[in-house]
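So that you can tell them apart, the chains are marked A, B, C and D in the order they are listed, and the count of residues begins at 1 in each.
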Amino acid sequence: MSSNFGTLFRISTFGESHCKGVGVVIDGCPPGMRLNEQDIQPQLDRRRPGQSSLTTDRSEADLVNIISGTENGRTLGTPILLQVANRDQRPADYGSMQDIPRPSHADFTYQLKYGIRASSGGGRSSARETIGTVAAGAVAMKILREKFGVEIVAWVSSVGDIDAAGIDQETLTSKEVDTNEIRCPDDKAAQQMRQLVAALKDEGDSVGGIVSCVIRNVPTGIGEPTYEKLEAKLAQAMLAIPATKGFEIGSGFAGARQRGSQHNDLFTIKNGRIGTLTNNSGGVQGGISNGETIYFRVAFKPPATISLPQETIDFSGKPVTLTAKGRHDPCVVPRAVPIVESMAALVLVDMVLRQEARKAVQFKED
Amino acid sequence: MSSNFGTLFRISTFGESHCKGVGVVIDGCPPGMRLNEQDIQPQLDRRRPGQSSLTTDRSEADLVNIISGTENGRTLGTPILLQVANRDQRPADYGSMQDIPRPSHADFTYQLKYGIRASSGGGRSSARETIGTVAAGAVAMKILREKFGVEIVAWVSSVGDIDAAGIDQETLTSKEVDTNEIRCPDDKAAQQMRQLVAALKDEGDSVGGIVSCVIRNVPTGIGEPTYEKLEAKLAQAMLAIPATKGFEIGSGFAGARQRGSQHNDLFTIKNGRIGTLTNNSGGVQGGISNGETIYFRVAFKPPATISLPQETIDFSGKPVTLTAKGRHDPCVVPRAVPIVESMAALVLVDMVLRQEARKAVQFKED
Amino acid sequence: MSSNFGTLFRISTFGESHCKGVGVVIDGCPPGMRLNEQDIQPQLDRRRPGQSSLTTDRSEADLVNIISGTENGRTLGTPILLQVANRDQRPADYGSMQDIPRPSHADFTYQLKYGIRASSGGGRSSARETIGTVAAGAVAMKILREKFGVEIVAWVSSVGDIDAAGIDQETLTSKEVDTNEIRCPDDKAAQQMRQLVAALKDEGDSVGGIVSCVIRNVPTGIGEPTYEKLEAKLAQAMLAIPATKGFEIGSGFAGARQRGSQHNDLFTIKNGRIGTLTNNSGGVQGGISNGETIYFRVAFKPPATISLPQETIDFSGKPVTLTAKGRHDPCVVPRAVPIVESMAALVLVDMVLRQEARKAVQFKED
Amino acid sequence: MSSNFGTLFRISTFGESHCKGVGVVIDGCPPGMRLNEQDIQPQLDRRRPGQSSLTTDRSEADLVNIISGTENGRTLGTPILLQVANRDQRPADYGSMQDIPRPSHADFTYQLKYGIRASSGGGRSSARETIGTVAAGAVAMKILREKFGVEIVAWVSSVGDIDAAGIDQETLTSKEVDTNEIRCPDDKAAQQMRQLVAALKDEGDSVGGIVSCVIRNVPTGIGEPTYEKLEAKLAQAMLAIPATKGFEIGSGFAGARQRGSQHNDLFTIKNGRIGTLTNNSGGVQGGISNGETIYFRVAFKPPATISLPQETIDFSGKPVTLTAKGRHDPCVVPRAVPIVESMAALVLVDMVLRQEARKAVQFKED
């Protein structure tokens, strides 16, 4: 169980779906920064269930509490504990599923790995685990925004076979993303997605989707080759989000079909500095940011917990028909938007700190 | 520069394209294992340039030398230095490119990040850097094979728009992969790929491709949620390989278009244990191996260094026409096959060790 | 601020003296272990202030709460948050000391390092920070005891110039240590120490002391040379405890005065296994446990906060006479006993896990 | 086997006494620094055996070779491999000792831990392992000196019962330390030490000693509480050196006997900044440097390998009389001087980089 992430800005998350609380300890936050719960709560609100009729009915306020690491609204540079209480500590409605591992869910693998697992709700593999990530990510985003002007915006670009179109990733804002409950800034596509999700909710089925993310105003020189290239850490970060199956940056899989003469980003002067005419690289070359906009996409599989009956077996090997109860999202991508932003911020803030250390001791030509 | 990877099986690579040597130090290799250069050389031979008329003409023997960590052909449990001398230490033929950053190459970002860069051949961003990875990977593969029966086989599944078909990933062997110089086990597709690459070599252009990889006989329970989920570390590992732009595991991006009722892998009894009827999950659920075959795909962009003239600018901002010289591959994926296998092995061996520690101290029900 | 410790059994502590709470997240605890608050509370009770008339009057219950990582009294293998609420969140009685850095206290260095510091009570440098360490240590001790039979016992061996004598470190128990409030198992010395501390309390002065610690039944082969030798990690762990100035293991500084012919521990057969006739090595050779009893000593300086007037300067450089108020211990070593045990346990449990991973994949002669 | 040290300036050492070579990979060295073998060789020369008639007769040139990470005499910011060839790869004269673990040597514990060990000369536990440390330390010292003006000077302060006196640690230079072969700047004591060591060499015995070290011009604010306090990392670093048994900083064990009113370092204005009148703290308070001189002492036990006959047992448990052959130092402290300096530099350079990262993103009052 590695619930730690980062080298200089290090987080340690904790919490299962039905224990007393979930959250994160952040070690290495810069001192002196104004920080209170209102800096963090909005992203948690975007993540929490029960935001719309489309998501699970489980409604939890998920109010964050800063337990340590600040005084008089400023960070002390000491570890910050951000905690959210679990209201629903021991629900009964998962009981019947105890002996049956849900297909494509972590019930089975947690049991294999640990020889024990939380009796209900997915335990640590529950989406509630992401609360710690999002809370820490909100702090990381604030540092990046205030110190470097970095902007991170994610949105839903596909639900099932419905793809958004016409998004300008150089200008898109989170406010625009949040104009509908799908978090897809292409309104026409969003409406179709909404209908699909609503229909699947009625059917008891679920559907996958894609979250896209853009990072603007990235300082140049960020990323630590070779094993902590910027795209490598982003890939790790995204595949650490529950239900993800793929990551691509810049031209991605489509770029694998191109020729060098098409794909190469020629250099030019842009705004008085060296930039590139195109951005197939997605803002990174050789694992290091080049100052262009970073953009990437993350594939989410359909949620495993569905109400449609499934012919499977229980832990003893006996065939059973599983009809899952409980409150489950038919589509997780709208709620995944702040999680993707948070993981991106956590990667970036750590990399920025590491490059600042290098810059401070760099030797100049003499 | 983070040239370290792994927690218990830790590697530290070193070496630029034109320094005295490249290689890796492995810390944490199990003691007592038979190990000599012949265990490592075959994978380096698969990686090295000049294997066929399709790749760069730069022909280097790349002979590995075990400097430390073994005695009488057995590992001591101490750090193992694997080293390959660079024959070609200071070539002249990159000289003219010194002032012009190659488009979509790391020349520019290394200069930004470090304020200095190797004068030729890409320095640390050169493909020669992967020698350390491959050498360490060969050791990791040997441990996994001998202790756990794990099989790792990668192959070229696409070059440009040409896709391989009809591969049985449950039985495919490295020997079959190596029957042609493309390392695509679909002979018909391989022939087309070969023609495309040969044509592009003549044109002075390059092309991208996809490497697929399968891991069989994976122990169950491997992977360290939440931030070191097995798929997260595989994603990091793959995106740390030069020229990669995407990673997908199991159903991948296609899975994002499916419904839960299609995508879920129902449980069944297989070979006397609990297995799954389908394997859309790609052998991992919730970040942990479930005993099914792991498979994933990695997208490689076309190599940046092409001989076709490119209209770009030099470091001073002056427009120039760049016509790159030097010896460059028009397509890297055949040589990337052992690199993908190596990174997969490095992820897996570390995770297996971590799970073994857990198993040793697990408390049983009483 | 590195509040993380350990590789496989990793802890992250948090909390200042006057924030909402203090504690620790443990990542990597073995699954399936029975664990409840009663396993942890006794060590916290030994650490807390107000245990006797000799220590500070600040009386805090310091009740630990397991927030996550267990279910039905068993560990899940997931992160365990152990939390203690701070009762006394914003006391007034430090106010007058705000502008005056206490001599030999961390007030000054925290301000230099972070550019900000907690307004009272020492913040993160307060002894309250050790609550997280002790709580995590209690869990580590339970694992070591139940899985390996390891016994860790620390005691006060000196206070000022008064030294304990006649302690048999092969049989000493914690119960014997706790028979007096000094935690010195030599009753006669304990009585003298008690008188000294009481006198200094009246004078408004403080005094240093030495804590000794013994670890019995240590598995052989524990320790990770070269930089994580067992004695090296113990030294780090002990010097990470507030107010410590020295560490010695086995013969320690006295051994530096000896000759090899005196100091060498000759091998012999003991209880059917290879052991040593003497134990000047203190149970470690070359950084690795040899199965003999580990013993070491830790020097604690006198507490910095004293009530006697001190001629010093304030942060602006103005000369002032500082007469510290507040509740402070004249001698910390009795309360340091469980802290020393805890840090020892945290080092050991991590090292044991790492060796178990090695043992599981070791290759035997063939 | 953890041969890695450091977070941002990370080293990985390798090499046994009789393999092909020993050395270190440094990851995270600042780019652009002038670096060639002459920057490193002097410290290796101070470390190597055969420097005087007092040390082992084994004479090895130990010439360092920079294999990677520099070009045209400047660091590239990429991993630097520093390598020293072993001349003496398979000596015969340890052969007779193969079955007999040397008392108080690591032969026994390496065999227990790894189930295998190098057949001669101590393998990884040999003093040759410290070559990597010293080579990396020389690079660290150069950075610290050139970027921050830090001065690190170690010396022999005791050999057996002979103690040096009258050393002014505010002005002492390495040149003064090297005026005699004992590396003790108190000439009178040095002469007595020399006689003692010469006598013990004749007798076939050995003796312990103490190395003291001073670090001047340390930037303030260095050290990462709580577990990576500056003194904690120094303690780890020193106890990682072969044959060390103790570490004390500032007042050390003597401080444990003092009262707060004696021990506290009162603040005053010194050279226009806030400093302290005394320096019992040894330059650190609460784990953070306060700008005063850091000083500490390290205890070395007598070398285990002596020629005097020892009544011990072999690995099979059979009583034997061991009369060790081979070339061994009767006293290691003169050669330990550069090792102590190197470990101190490795701790400091990493801590300085981490504080620079913090300073770069610190938020100021607004």
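Throughout what follows, a residue touches a chain if its C-beta (ideal position, glycine included) is under 8 Å from a C-beta of that chain, and two chains touch if they have at least 3 such contacts.
Remember, predicted model here, so these are calculated numbers, not experimental data.
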item: Longest centre-to-centre distance from chain B, chain (CA-based); value: C
item: C-D or B-C - the one linked by more C-beta pairs in contact; value: C-D
item: Averaged-CA centre spacing for the pair chain D and chain C, given as whole angstrom; value: 26
item: Distance between chain centroids, defined by C-alpha means - chain A, chain C (Å); value: 38
item: Computed distance of Cα centres, chain C from chain B, in Å; value: 45
item: Per-residue overlap in chain D, given as positions that touch at least 2 other chains; value: 1-4, 13, 28, 31-32, 74-75, 77, 113-115, 124, 358, 362, 364
item: Residues on chain D engaged by chain C in the complex (per definition of touch); value: 1-5, 13, 101, 103-106, 108-110, 112-115, 124-125, 129, 133, 158, 160-161, 200, 205-210, 220-229, 231-240, 242, 244-253, 255-269, 274, 276, 280-282, 284-291, 297, 299-306, 308, 310-313, 315, 317, 330, 355, 358, 362, 364
item: Chain A residues within the chain C interface of the complex; value: 1-4, 10, 12-16, 18-23, 25, 27-28, 31-32, 65-72, 74-81, 83, 113-119, 123-124
item: Of all residues in chain A, those that touch chain D in their complex; value: 7-8, 28, 30-34, 74-75, 77, 143, 146-147, 352-354, 356-365
